[in-house]
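Encoded as structure tokens, the structure appears first; notes follow it.
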Amino acid sequence: MKLILIFISASLINNFVLTYFLGICPFLGVSNKTEDALNMGLATTFVMTLTAAVTWPIYTYILVKFNVPFLSYVAFIIAIAALVQFVEMYIRKSSPTIYRAMGIYLPLITTNCAVLGLALFMVLREYNYIESIIFGFATGVGFTLAMLMMSGIREELEFADVPEVFQGVSITLIIAGMMALAFMGFAGLIRG
Amino acid sequence: MANNTLWHEFKKGLWQDIPPFRLVLGTCPTLAVTNSVINGIAMGMATLFVLLCANITVSAIRKIVPGQVRIAAYVVLIALYVTVADMFLAAMFPPISKALGPYVPLIVVNCIILARAEGFAQKNPIMPSVMDALGIGIGFTLSLAVMGLIREIFGFGSILDIKILGDWFEPWIVMILPAGAFFVFGFLVALVNYLSIKQKGKKTETVCH
Amino acid sequence: MERNDLKSMEDKTIDKLQEKPAQEKQIERLVVSSSPHFLRDENIHKIMHTVVLALLPAMAASVYFFGLRAAGLILVSVVSCLLTEYAVQKLREKPVTMWDGSAIITGILLALTLPPGFPYYAAALGSAFAIGIGKQLFGGLGYNIFNPALLGRAFLMATYPVLTTTWSEPLTKGVKAGVDAVSAATPLALMKFEGKMTSHLDMLFGNVAGSMGETSAIAILIGGLYLRYRGYINWKLPLGYLGSMAVFGGIFWLINPTKYPDPLFHILAGGAMLGAWFMVTDMVTSPVTPLGQWLFVICGGLLAVIIRLFGGLPEGVMYSILLMNAFVPLLDKHTRPKFFGEEM
Amino acid sequence: MNNVVTKMLLVLTVIGAVSGGILAGVFHVADPLIQANREKELKEAIFVVLPEAKDYKLLEKEVDKAKVIAYKGIDAEGKPVGLAFIADGGGFQGNIRVMVGLNIDYLKLKGIKVLEQNETPGLGNRIKETVFEGQFKNLEIKPKVEYIKYRKPEKPNQITAITGATISSDAVVKNINNAVEKVLKNFPQEEVLK
Amino acid sequence: MSLKTFDHGIHPSYNKELTNHKKIEKANLPKKVVIPLQQHIGAPCKPLVKKGDAVAEGQKIGEASAFVTSPVHSSISGKVKDIEKLPYPGGGKVLSVIIEGDGTAKEWGNGGIGLDLESLTSETLRNIIKEMGIVGMGGAAFPTHVKLSPPKEKKIDAFILNGCECEPYLTSDHRIMVEEPENVVWGMKALMKAAGVENGFIGIEENKSDAIEALEKVTRGSNIKVMSLETKYPQGAEKMLIKAVVGRKVPVGKLPMDVGVVVNNVGTAVAVYGAVKYSKPLIERVVTISGNGVKEPKNLLVRIGTSFEDVLNQCGGITKHGEREVLNGGPMMGIAQTTLDVPVIKGTSGITVLAGKEIKPSTYQPCIRCGSCVEVCPVNLMPYKLGDLGRLYRLDELKAWGGLVCIECGCCSYTCPSKRPLLHWIRVGKIKVREKEKV
Amino acid sequence: MTGNIVIISMVSMGGIGAALSLFLAYADKKLKVEEDPRIEALLNILPNTNCGGCGRAGCRVFAEALIQGTASVTGCVAGGQDIADSIAKYLGVESVKADRVVAVVLCRGGEKETVKNAVYKGERTCVAANLTGGEKACTYSCLGYADCVEACKFDAMTMNDNGLPVVFYDACVGCWACARACPRDIIEMHPMERKLFNYCRNKDKGAVARKICKVSCIACGLCVKDCAVEGGIEMIDNLAVVNYEKCPQDDQPTKRCPTTCILFGEEEKMTKDAYYSSLPKKAV
């Protein structure tokens, strides 16, 4: 039950993009085509799940154990950077098709604050290992969902008559605001 | 001449390349911590500090770092400075540290820093890098302050916690909510676009990454 | 560049040709255009004004139950919508289409979702947001992603949460108009926070506290059925939405009839009726494909019930529609009907 | 090739080690300050909810592998004046953490202080205001703390919910009830009085 | 009885009462005809005559060697005045033979050979149909013999005669069915024999009850079934008709013969009757002249090559004032003419003249996504989207969304409350797609 | 204690760093995939406008083709000689001199010169109008809805006040975009050196053409006769066609043309500045 709640909470109610403002850059940058958004979302979800799986042991068995939790930022970011780079190389080698679809997004994920944010929240909320992995996965799903919605809307907007100064980033942000308004409906849905 | 270019490196961050609006970098903190002026400024200063340190170090060691681990090395350095900034805030300004929450550690992945390190310091000697960091950092701080100002005025009717709008004003709570952050940011980007169009007859916009 | 010295016989002929009075030539010219050359006698103006007409019963009910202040609120928000539309279109140097009726609908619907005691200035602000940002920023009629009236209402909800959730009893319950709004609870709030149910009959006729237009289910139904009769709404949308609410609400009711309200309550309470007949059906912000429409209403109904029963807010209709609005482009894109003869 | 690997190895190791060192150094300086800040905050909160207390003592117990913590407030003479503990739970938006002061008679609250909350400014965050917090002074905890809406409290264990923020008010009340129950169970009066 | 039909479609005002009771009249013998050398889908013909040659009525004047083509014949006797590129009612200019008439006309019915259907093989029938220049008279003018010669592996088991005439205003097929049902059925039997099909169907919209009655009378007891179909546009479109009559769906990109069906128009059947029975080439056809812009709407039997102006003058001319639009065909599918100086061709089933307020406005509003266009599209497309994609030349997407599946029926544009020229945009997009594919 | 923490930190961070670099080095070696770096380099040289003038789907495809040797170094028309030289230098091949071609609009029948016989109702683009035949009686004429101008990515075209497109030869890079956009095939690419053009595509008989446009080619044959070289201008389908293989490029044939449709010299060739400065100044 708790796992399901974590999943719903992280993917919908406390959607990283719309309520914590994490991962806004790719949300703005890679959301003009549904296909791109989906690929970016999938790649991010993958990395996020892996990140949760890798950073939790690092934190628990190294940093806490040796009583140096203040090193966590550095350790996490190293782990993430290495993971992303490794995943990139691996995909490139093993499946050129997937690489062509996802490859260009992978480097972007290193500097996606949602991934580091995930690790930090995971520690802050004192999830256990399984919970952390679910949390990582759910966050990725939430991110993908937000990306997909935005990309669908932006594709539609290509036909719309948006005033010139608002085109691009500006209208995207305002739509994000509207989505945040709509997501307020979920407020208080799952407490605790 | 040299001074001139240095001045230029500094100046560009204030308008021409002003980070969140023009470069669309560092959007996350811009949205997250700007529900009041003070938070915006604090975040801006922390970022400025990290940016400065990172630019200096990167510029200094740029010749000895091999390409394969460049990003990794820079990220580690950035994380180092961020941790320092975080501890500093926690030790000296606990309320601000609390208000900014996890967004201080997230400076690590603030794209501005890596973008400047990669895009500028990596290619330039120390002095221009310092000026670049100062310019961009101050531009960023100013941007956050402006966002904070607007949101605080509408959201609380106050500036720097001093009530300036009378009791007749019913605060717009939306302004302090996520939605308000997006709206204000969106409109500021549009405003910058508008001014640019007026200035140059052309829109300049690049998206992070 | 005319070379007079080389003017020949041919030139003179041409000159003669050109001398023909323009008027005469104009008459001879045939119209050419691409087929079809024959169009249905239907236009936006007509559709929108019919919707306004269909909203009359609901407006009348709100005035009956909440007095002239209700009329005032409707007026304020309609005027604010029209002015905003005019201002933005003037500013953008686009043709002004404020009278096409859509802004009027937005104004009326927004007003109908507000509590009767809502301040005028705030209603004006919400309307300006609805039209200015919710609609014109996207390019005006037809381009908006979210339902402007609901967006305006959501904006007001987030801006003035207390004002938007301060209800008063209807006049018919013996409260005098104009008196400081006595805080009252809507049937949904009663259900949610105090576990009390309201009589179905009161809800049907509107003898309950709530937003001006949300109260009288029957007045809304009359308008909705009229629209259906005129063919401007697709029956799938309102019935699907209400049906979905009833089914999902009913499931919870069966699980625990003392804790959760019955399906009829779900349909009659709050904004379900107004939402289903006038907001889910907004063509601009609902899917166009049959499958998309089904998904839209089913998921919308489910979300509404979930928010109502488990969310922090008492009413979920508005949020459910707005949330589903955001999915409309995706739905339309991925539920394309099979072409005639595709994949046989 | 090998040269590059060595170089990579060298650079990253050195950077890692150096930053580790620097961080440890900074930590060494900053940590006491940070701890002091935390301590101070905690102390202040305890003294707000247990006004007569001049000092406190940490009570700790391990129940079902989880720690239960309470602070025993002691007045100038070293006499216990009450228990302070943190009530934590979900509110409208995020967690609400409240420091609760329980009179040593175990019948009434001495006061509460909201430590952390993410509620909507102007609405839910009015639980921070003294008007709301003040209602808990001398509130009876038996059988349970309750809230009512719109009206003045009718019973000694009731408070009035904030209009428009029933959920936040409800959350505070629920959290307090849960925490009180836990404390009553784990730190019986006689044990504490000792 | 529930009427058979297809899904979607529209119910425009048919306006057929203008002419549906008017007997087919013989038009005056034209003094001059212009006979385009390509009146069909397929390869153009090469002229067989030169300037100054004398030609007889019915003489073949254009021939080409390809398979998908059809010869053309002189519709009057006289002298070839010239051969040049002249405006064509289908758009653009086509090499045409101008013939000045000598005022004589041939009587075809009398003294013809009157071939007996029984004695002919399908091979000979197809040859006759080809030689007599018979093409589809339902609009597209596809050479009929091609349709009748499917590749061996494709088994044809149903022949459908298209008597729907779903275009508003037009009544030529209707009048033919009412006035000469025997000839229609005779021609149809010839066509069936040529295609080697046993089962025949005649699909007619139920608003033409007199035609249904007449044909039922003639076909009683035969293997031909008259089917009454719902009155709905575009009931007459091949794919829709096949769906309504035999319940088969022609797959995207396939032809009727792929589902074992051949469809022909009633006009075609009558032309085949003339061709087989009297060796009369396709040199005249019934044309409905209608619309609020003509004084006296009529059904006329017109020689191919007669100018529109000549034909319209026989109907009292067209309105002189205000906006007028002259269409080759009906208002849904017809092609607007820039000049009246174009000839009636084999595919001209009607000349519709719209005037005044019947002419559509030239402005349009934004799409309000009402979905009407999606609801009416008979091939299940999303026209509002296709329109935008075509307008913006987003060709790959246009293809992906089925732009090339569009049968250009125009239902979408017709129904759009915002008056958006959806089909026009789709056409533009299709042109661009084809251009691109050629590169 | 303190020293301890410092040491632990240094060791663990150094260790993580070392482990990471080793890991990456290993991965780098094991998983390396070769990609031709020349593509990037070439892309840096190319204009990256993706105009399609090279006849390919975009600059990247062209770059790939260059490397495979299936494209000529002068293939990028938008880039001109400079870029061709740079590419040649980068690829280490001999540079070839590219012929500079520009677009020429072969119709002078604008609003003033032509007769209109219809009123067009519909989308104001040439492709759309061409579907219905357009307004002008001449079915070979410029439709005047500026598809070509829209298509030009180099700002090298505009519509003049007579409803005809003007090409600025100084800005035109000869990318073919306008020619492809024109549904009536009025625009052709010609080397800069060519000066003699018949600015008409009408194939109607003279008598017809004469009636519908003041400046149409009426196939009178005077230019054919006046051409100094036999076959320098040929009459094909009622239209005088300059044969550039033989044409001596002088103004002889234009002298007697009754409709001025055949012209010689720069008259019809505009530079951007010249055009805009020739416009009447609008009162601000």
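In order of appearance the chains are A, B, C, D, E and F, and numbering begins at 1 in each one.
We take it that a contact is a pair of C-beta atoms (placed from the backbone, for glycine too) under 8 Å apart; a residue touches a chain by one contact, two chains touch by 3 or more.
All values derive from a computational prediction rather than experimental measurement.
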{"item": "Least step count from chain D to chain E, where 1 means the two chains touch", "value": "2"}
{"item": "Any chain that touches chain C and chain B", "value": "A, D, F"}
{"item": "Most distant chain from chain E by Cα centroid", "value": "D"}
{"item": "Which of A-F and A-D has more C-beta pairs touching across its chains", "value": "A-F"}
{"item": "Chain whose average C-alpha position is farthest from chain F's own", "value": "D"}
{"item": "Whole-Å gap separating chain C and chain E, where each centre is the average of the chain's CA atoms", "value": "45"}
{"item": "Euclidean distance of C-alpha centroids - chain B vs chain E, Å", "value": "69"}
{"item": "For chain E paired with chain F, centre-to-centre distance based on mean C-alpha positions, whole Å", "value": "41"}
{"item": "Centre-to-centre distance between chain F and chain C (centres being mean Cα positions), rounded to whole Å", "value": "48"}
{"item": "Junction residues of chain F, two or more chains touched", "value": "5, 8-9, 12-13, 16-17, 20-21, 24-25, 28, 117-119, 121-122, 128, 131-135"}
{"item": "Interface hub residues of chain B, defined as touching at least two other chains", "value": "68-69, 72, 76, 79-80, 83, 87, 173-174, 177, 179-180, 183"}
{"item": "Sites on chain C at which at least two other chains make contact", "value": "30-34, 133, 139-140, 143, 155, 158, 161, 312"}
{"item": "Residue ranges of chain D touching chain F (in the complex, touch as defined)", "value": "1, 4-5, 8-9, 11-21, 23-25, 27-28"}
{"item": "Chain F contact footprint on chain E (complex, rising order)", "value": "84-85, 87, 91-93, 323, 335-339, 359-362, 391, 421, 424-425, 427-428, 431-432, 435, 439"}
{"item": "Residue ranges of chain D in contact with chain A within the complex", "value": "16, 19-20, 23-24, 27, 31, 89-93, 167, 171"}
{"item": "Residues of chain C that touch chain F when the two form their complex", "value": "1-3, 6-11, 13-14, 17-18, 25, 28-34"}
{"item": "Residue numbers on chain D that touch chain B, as the complex places them", "value": "4, 7-8, 11-12, 15-16, 19, 22-23, 26-27, 29-31, 33-34, 37, 41, 120-123"}
